[in-house]
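I'd like to ask some things about the structure below.
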Amino acid sequence: MNTPAARRWTGAAARERKRRLVNILMLGLTGLATLLALVPLAWILAEVVARGSSALNVEFLTQTFKPTSLGGGGIWHAIVGTAILVGLASLLAVPIGILAAFYVVAHPNSAMGLAVRFGTDVLSGLPSIVVGLFIYTVLVIERGYSAWAGSLALAILMLPVVTRTTEEMLKLTPQSLREASLGLGAPEWKTTFSVMLPAALTGVVTGLMLAVARVSGETAPLLFTALGSNNLSVALDKPMASLPLTLFKYAVDPSKTRNAQAWAIALVIVALVLFLNIGARLIAMWRSRMMR
Amino acid sequence: MISTQPRATRPASSPVVRALQHGDIPYRGVIALSALAILGLVVGVGVMLWIYSEPTRVAAGWSFVVETEWNPVGEVFGAAPFILGTLNTSLVALIVAFPLGLGVAIFLAELCPIRLRALLGFMVELLAAIPSVVYGAWGIFVFIPAFVQPLGDFLMNKFGNPSRFPFLPIFQGPFFGASTLAAGLILAVMILPTISAISRDVLLAVPRAQREAALALGSTRWETIWQVVLPYGLSGILGGIILGLGRALGETMAVTMVIGNVSQISASLLSPGYSMASVIANEWGESRTPMYASALIEIGLLLFVTSLLLNIVARLLVWSVSRRNPDAGGGRA
Amino acid sequence: MRSRTLFLTNLLALALIVSACAPAVTSASQSRSGDAPGSVKLNASGATFPQPLYEDWAFAYNQLDPSVEINYAGGGSGQGIKDIKAGTVDFAGSDALLKDSDYSEAPNLQMIPTVAGAVALAFNVKGITTSITLDAETVAQIYLGKIEKWSDPALAKLNPGVSFPDTPINVVHRSDGSGTTNIFTLYLSAVSLEWKQGPGAGTAVDWPVDKLGRGQGGKGNPGVAAAIQNTNGAIGYVELAYAKTNNILYAKMINAAGKTVEASIPSTVAAIQDARFDDKLTAVIVNRQEPAAWPIAGFTYLIVNKDYKDCKKASKLVGFINWALTNPGAVDRASKLLYAPLPKEAQPKVLETVNKITCDGKPVATK
């Protein structure tokens, strides 16, 4: 058939049209995929805010545990616990991470340097429950559940994040700074601490923020290290409460009061995590603008 | 330190003392120790898990991996239900997350206006920042009732009738919400940012010349992407998928809260299941006998070794793409 | 410049050392003053069966004696037994009885019964808004997987006025080692030969419903209760308090005497009538013949050490247990939470054992 209508769907012009259609269809699908990917984010945030805000008030944040028969109390003990666990973990992870990053930047192509970069990647991919098991075998078997054990587990999870971000920042710092310092006769360590580190400071800070964001919500490694607690405690050799552990306990509880409290804790954690992530990104953007 | 005294009158001190005063050797020692600490941790985790899993390894050997019964009271420890459960949930997660993640990566790398790219990319990455336990709570109270339950009911009613579809056991009922399907779908949301971020970096690393050549020859945008850009970055994208798989294998809290915690092997996605990480989380607290504890540690050892292998393969794949184009960023995670 | 960096590093090291030593330092000073608030921390884990009560008691006792802080972490009887044997907690809660092997591995352990509770069969079926009645055979058949749907005639026979939907039954059980499971499976073994020869009794058993795809595991009593709440068509066994306080419907049962009873304080008290405690201070009270007895009842125990190294902890623990078992306010709180106190005849023997707890060989109790 050779009617004008038929000619539209056969021949070179038709193949051209078909290719254009496929093009628009597939590109449209990728846009759809992006929208679809953002739906869970919006949904989770909406639910956390909607369900969490009912239980979130000043009393909730400042009281400690009370049984549900007495109203359910608050999460102050968990807030303090998380602060201590994460703070201690940071004290352990940040120095080691920064120093290891210096090593990697100083020996980028040696076998050991490559091994350490690889080791950092592996460490960041380890299931967090395996880290908890490791710390249990090393610390808890002898001494019982403690905040120390929990902090160590979290420190192991923070280490790769700190190392990686410090390393990337150091690589961005101009070599000329380092060469000038060494040329003036300063020893290596002085160059690093007085010249390179301040220049890379924003990287270190953002690395710390991202690492803290990562571990503030970690539950699995704390299950058999810090164990969790209903009491306010600052003792490092005893079990310690934490926000994610309390969330888990309250979510898998039949009481509606506890469920509402779980959502409120989720709101607190998500707010903290978002704040840290967005803050780190903003600092990085400000930094790159400053360097131009 | 540059000395201003003439050489002849400088006090004689040993080279060692001078080196220490200079500070470089302690400095180099300290940073080397820190670097070693990282390597030491990776090795240490493996060693401790190996040592403490000895009772079951010696007693059962490889049969631990294929034994299908898990009966702590009767001291029968078989890891097969958990290995299969982990594989099933991860597979479901990959099947859902891969096309979506790749689609997002293509959109962000090729089509998106540059001003939006950073913002949208950041928002997708925020999905990875939400803690697992929050995903779990959302799963129990929101996602399962609102999405998984209707979806599962639909699949069960349409395709799950054993007499009409005897060779399709994956959608057979009964279905109660907590299931492999629920865990797989939530995992898909959690690993999507990993796949999309790495794929996006890989696609951005493909040289412009490749695209321009294809377009100059008359390809449409899509044909360029599908026939030129994607094949070029294929190994890197594969690396991203493997990293996503690695993350899915180790997820604990979200899976534990929605999978049903039943150590039975079932061909249906709609029945409850159990994963390796979940059984450790649930049963570790009470593993009374040495064999029980050692069996759980051996499961942890399997997780460790698997994630190690996956990481190695994935990093090699991703590095291979960035090496072809050294001035583009690779190796992100 | 060098000195400043050195100073900072030293400061950091000092801070770490101080924070590590701080607990030792502060606890040393407090043992002298003794009654500083929160100075004696008792850690415990174990059964979720009595957890609502223990948490309530811990809170109340802390109001009475602020120096004592009790942290009861739960986790199931299995975890409690493991932890007290390993020495990682000061005492444990368990409804499961210690085996001979446990005693030979850890001869220092002593079980102390505290209260009795009822195990209720809670359920959640869309369309059923009142309690239903079940009997021993029906429950066994449900858990054996033979009764598959709520519309089964066996259920209709026991509940003539109720209209059951055609929903499949989702059978919820514990995913962790549980004393509640122990009590429940002891009951099933007592009433069903098929169950006794099949899965049997214990803190964790092979649930036939799992193979059929209709089982679901929950962690702890809260987990099972939550699973029941979140699943249409579910039934599961939980300690009564968990069903009652969360408004989950639970079934009436026909007991060994043929009477229909409801899970409650009176029926639990009837179940512990004339309970015989053996020399290890344990007693099993399922399926008793008393007309008003709840058939699935059980005692719950604290597992303590016979001898403690820390005298302060031991004396506070003995004080707490004495208060919990004898103080009228404590007993009242237990009843309010639906746990029955020990029978009067058993109390003297139990208190005697409690007051035999020693610290380094010397008895702790002053009475």
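Letters A, B and C mark the chains in the order given here, with residues in each chain numbered from 1 onward.
We take it that a residue touches a chain if its C-beta (ideal position, glycine included) is under 8 Å from a C-beta of that chain, and two chains touch if they have at least 3 such contacts.
The structure displayed is predicted, hence computed values, not measured ones.
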Request  = Any chance you could check whether A-C or A-B wins on number of contacting C-beta pairs?
outcome  = A-B
Identity of the chain that, by mean CA position, is farthest from subunit A = C
Distance from subunit C to subunit A - Cα centre to Cα centre, in angstrom = 37
Ask   = Whole-Å distance, subunit A centre to subunit B centre, using C-alpha means?
value = 15
Key: Multi-partner residues of subunit A (each touching 2 or more other chains)   = 95, 190, 252
Key: Shared-contact residues (touching 2 or more other chains) in subunit C   = 2, 45, 218-219, 226
Sequence positions of subunit B contacting 2 or more other chains = 23, 140-141, 285
Ask   = Which of the residues in subunit C end up touching subunit B in this complex?
value = 2, 45, 75-83, 85, 102, 168, 170, 175-177, 202-206, 210-211, 213-219, 226-227, 230-234
Task = Would you pull the subunit A residues touching subunit C in the complex into a rising list?
result = 66-70, 88, 91, 95, 140-141, 144-145, 190, 193-194, 227-233, 235-239, 249, 252-256
Note = Per the touch rule, the subunit A residues reaching subunit B in their complex are 19-20, 22-23, 26-27, 29-34, 36-38, 40-41, 43-44, 47-48, 51, 95-97, 99-100, 102-104, 106, 112-113, 115-116, 118-131, 133-134, 136-138, 156, 159-160, 163-164, 185, 187-190, 192, 213-214, 216-220, 223-224, 244, 247-248, 251-252, 259, 262-263, 266, 269-270, 273-274, 277, 281
Key: Of subunit B, residues touching subunit C in the complex   = 23, 71-74, 140-141, 144-145, 173-174, 176-178, 260-264, 266, 268, 271-272, 274, 282-283, 285-288
Ask   = Within the complex, which stretch of subunit C touches subunit A?
value = 1-2, 5, 12, 15-16, 19-20, 22-23, 38, 41, 43, 45, 52, 55-56, 58-59, 69, 71-73, 86-89, 218-220, 222-223, 225-226, 228-229, 242, 245-246, 248, 336-337
